[in-house]
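You will see subunit A twice below: alongside subunit B first, and alongside subunit C after that.
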Partner chain A sequence: MREVKISLVGYGVVGHGVVDVLTRKRAMMKELGLDLKLISVTDHTGTIISEDGIDAQKILGEKTLTNVATSSMKGKEAIDAIASDLVIEVTPTNIVHGQPGLGHMEAALAGGKHVVTSNKGPLVVAYSRLKKLAEDNGVMLKFEATAGGTMPLISLVERTLVGNTIYGIRGIFNGTCNYILTRMAEENIPYTHALSEAQDLGIAEADPSYDVEGVDTAGKVVILANALFDMNIKYSDVDVTGITGVTPEALALAREKGYAIKLIGDVPALTVRPTLVPVGSPIAVGGTLNSAAIYTDLSGTITVSGLGAGSIETASAILSDVVSIYRTKRIDAIF
Partner chain B sequence: MRLSMDLELQDIPGQLLLALQPLKDNKANIISVVHHRERKTPRGTIPVRFVVEMDRSKLDAVKSQLVSLGVTVVRAGEVRFIEDVAVVLVGHILDSDLGDTINRIDSTGYAEVMDLALTMPGVNEPSSAYLRIRATGKAEIHKALSILRQVGEEKKLLVIEPIEDEAA
Partner chain C sequence: MREVKISLVGYGVVGHGVVDVLTRKRAMMKELGLDLKLISVTDHTGTIISEDGIDAQKILGEKTLTNVATSSMKGKEAIDAIASDLVIEVTPTNIVHGQPGLGHMEAALAGGKHVVTSNKGPLVVAYSRLKKLAEDNGVMLKFEATAGGTMPLISLVERTLVGNTIYGIRGIFNGTCNYILTRMAEENIPYTHALSEAQDLGIAEADPSYDVEGVDTAGKVVILANALFDMNIKYSDVDVTGITGVTPEALALAREKGYAIKLIGDVPALTVRPTLVPVGSPIAVGGTLNSAAIYTDLSGTITVSGLGAGSIETASAILSDVVSIYRTKRIDAIF
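And now, the complex of A and B:
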């Protein structure tokens, strides 16, 4: 049995999902030979530490750690002080400066800890620096949950499709935009109505600009371009058009001719644009679903789709990254 | 009349100029030349597509002149639009001179707008248009789309292009 001491940094929607999933799947992971032990959780109010493993029941009902924290340590201080093997970083994304996640990841990697994250910001801002830091310290940086949520994309390309030359990836990488466009087309309602509906349902944020202006999708394009195409690009290299200009009339005209309009991110073209997609195409998924078509030389086109966001779904991608770190170690050990 | 010609040129300097001479001699007005350097044939020649405006009766003369100069004539005849693509525009399409927008495509000689549907919900609201563009080949489709993209930027129109079946 391999014991893995995990520190969780960030206790928002995804953080709660991670605690829930790690608890629910602990027995199953033990069968795989991994004892995934959550020894600390940190948020902006403090840290709860338990060497024997955090009792999920004690903290899952708490919105923040204010009432349960056992230490006032925060952020980097907590990462440096707690002797964990792996840090799960799930603080809020900032795509401009990457903080606070960037500092957290740097501290963890520099301290010889693996990092698994769903936080796009640091990767968009400083992917190559973080990757080098991980390599220099002999640890891994995994971020499947940053692009396409629970939909397997990075691991699919890196592992399952290994040996293929990847010509490109195009897809729907933002569930909020997809929901709005789907509802506009179905109900023939203007953008603003579909947006309010999405906000009522909690699918869109009060300030939706990050999603609807295409910023989030462009962040994912940057991550995929850097991680899978070695492109070393920045956010400003992506040509971005959001969905706010799409009208119900445009959707209706397109549908009459057999097309849906979807916000499509394209790597390596580095574009995010509303795009006509044939209605029968496997990437033309509806609702909040994400999808991606991967164009390869040996396998042709592979299409995946799945939920792009959600607490448990994102935690699932994080769990899969955690397991893959230790599986990789085992394979390396053979050679 | 508008004709297109698919030629194959030797991959040595001066061949394009050589191929132009018979066109000049027969008063052909060149509308477009697409040099497919990336699609070199197994014979080592380079496909070139000309679209010209000329008197059809001169076509045989042009062809035989080309052949005598060592240029392979793969096909010559009326313009055939073999590729087409759907595009949706959103914005002030009529106010920004729809005629001009269409003409920018039609005047290329290798592409044209063949279908148009327009919806105008209200005077101050953006209208939406569906159009189909056809062109003499895939490369020409891409060129036509990039013209339309540029027009979109100038006229502040949202240009919604189709997703491609294959990676670029």
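And now, the complex of A and C:
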């Protein structure tokens, strides 16, 4: 049995999902030979530490750690002080400067700790630097949950499609935009109505600009371009148009011709824009689903779709990354 | 650099694809640290052996090995005699008795050789026995290409969705049936017309019963049930209805209500039958595409689609399996 001491940094919606999933799947992971022990949780109010493993029942009902913290340490200070093997970083994302996640990841990697994250900002801002820091310290940086929600895009390309040359990846990377465009097409309603509906349902934020202006999708394009195509690009290299200008008339006209309009991110084209997609094409999924078509030389086009977000779904992608760290070996390290 | 001596058994359409792909990707695999050396190819006419690696140029133009064989050994005899690390078994499939592939796989596994295959028959007939034989001999049996064509179904479930409980898998597992149903719906033509068209295009066999009666799909249901759900079932446990009774009228009526009719295999229901699927659902792909929805507890429903067959596509799945053998470690074997 391999014991893995895990520190969780960030205790919002995803953080709660991580605690829930690690608890629910503890026994199953032990059967795989992995004892995943959550020894600390840190948020902006402090840290709860327990060397024997955090009792999920004690904290899952708490919105923040204010009432249960056993230490006032926060962020980098907590990461440096706690002897964990692996840090799960799920603080709120900032795509401009990457903080506070960027500092957290740097501290963890520099301290010889693996990092698993769903936080896009630091990867958009500083992917190459973080990657090098991980390599220099002999640890891994895994971020499946940043790019495709529950769609296992990175592992699919790096592992399952190994041997293929990947020509490109195109897809729907934002469930909020997809929901709005789907509802506009179905009900022939203007953008503002569909947006209000999405906000009422909690699918869109009160300030929806991060989603509807294409910022989130462009961040994912940056991550995929850097991680899978070695492109070393930054956010400003992506040509971004959001969905606010899409009209019900355009959707109706497209539909007449057998097309849907979807917000499509494209790597290596580095574009995000409303795009005509044939109805019936595997990437033309509806509702809040995400999708991605992977164009390869040997396997043709492989398409995958799944939920773009969700607390438990994101935590599931994080768990898969954690397991892969302890199951992956480099071929040249066999002997 | 890890040298892997490979013997290929079976030199039909897929076998040619394997030689082609191993040759094209030799350099890329070396970069990964794997020297995949094809040291023998065997078909029903004999065997060509070269310890330094077979020259693909010498054999790719040959339909059989008659003119290039360096030995008269065939099948099991060749497998036993040649000191390879791994056998790729791609002889014609037989879903009733599994031969000759079953004997080939038994010989290879008993001889301590890994087996990678696209041959469904032996797995449908004797999965548990082959699995045990592999374990007893400390080698691996990999068969991604048998179940989903280019769709990475088995690796997706076993590796990427690790931690999830899988409730079920439903999908389109036969490109020939999907092509016929798609054309019937598009053109409002009867089954016999669409079948003729598929035969003219080489998408359906002269005797199409293996595909259109649902036999191929049912074989895949057996493999998925045994490999991913530990069900230990046989072919006769699957309730199978093919597509020969589907009418253009039924397809039109379904379409009116927003549905397509697809031949759907279902695990663990163990059914294969024409099924109503909502148009726009991610599994409702058209043409010769295959698709599969994987229902999970944490990640929700993940859907994947890709080409169901093809020489190079199948060889690509085989290559991915070969690499995974040398990259996978069991967690409990870390220490």
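Throughout what follows, the second predicted complex is superposed on the first by the 328 of 335 C-alpha atoms of A that agree within 3 Å, B and C clash if a C-alpha of one lies under 4 Å from a C-alpha of the other, contacts with A are read in each partner's own complex, and residues count from 1 in each chain.
Operating definition for what follows: a contact is a pair of C-beta atoms (placed from the backbone, for glycine too) under 8 Å apart; a residue touches a chain by one contact, two chains touch by 3 or more.
Quick caveat: nothing in here was measured; it's all calculated off a predicted structure.
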### subunit A: partner with more touched residues, subunit B or subunit C
C
### Query
What is the contact status of A:241 with respect to subunit B (first) and subunit C (second): first, second, both, or neither?
first
### Message
Which partner chains sit in contact with A:298 here, subunit B, subunit C, both or neither? Use first/second/both/neither.
### Response
second
### Query
Looking at the overlay, what does A:285 touch: subunit B (first), subunit C (second), both, or neither?
second
### Query
Taking the superposition as given, does A:273 touch the first partner, subunit B, the second, subunit C, both, or neither?
first
### Message
By the touch definition at the top of the document, which applies to A:252: first (subunit B), second (subunit C), both, or neither?
### Response
first
## Note on the structure
Shared subunit A footprint, subunit B vs subunit C, residue numbers 301
## Note on the structure
Note: in the complex, subunit B contacts subunit A through residues 86-88, 90-91, 117, 119, 121, 125-130, 158, 160-164, 166-168
### Summary
So, in the complex, the side of subunit C touching subunit A is made of residues 1-2, 21, 25, 28-29, 32-34, 150-152, 155-156, 159-165, 279-280, 282, 284-286, 289, 291, 296, 298-307, 310, 312-313, 315-317, 319-320, 323-324, 326-332, 334-335
### Task
Would you pull the subunit A residues touching subunit B in the complex into a rising list?
167-168, 170, 241, 245-247, 249-250, 252-254, 256-257, 259, 261-262, 264, 269, 273-278, 281, 283, 295, 301
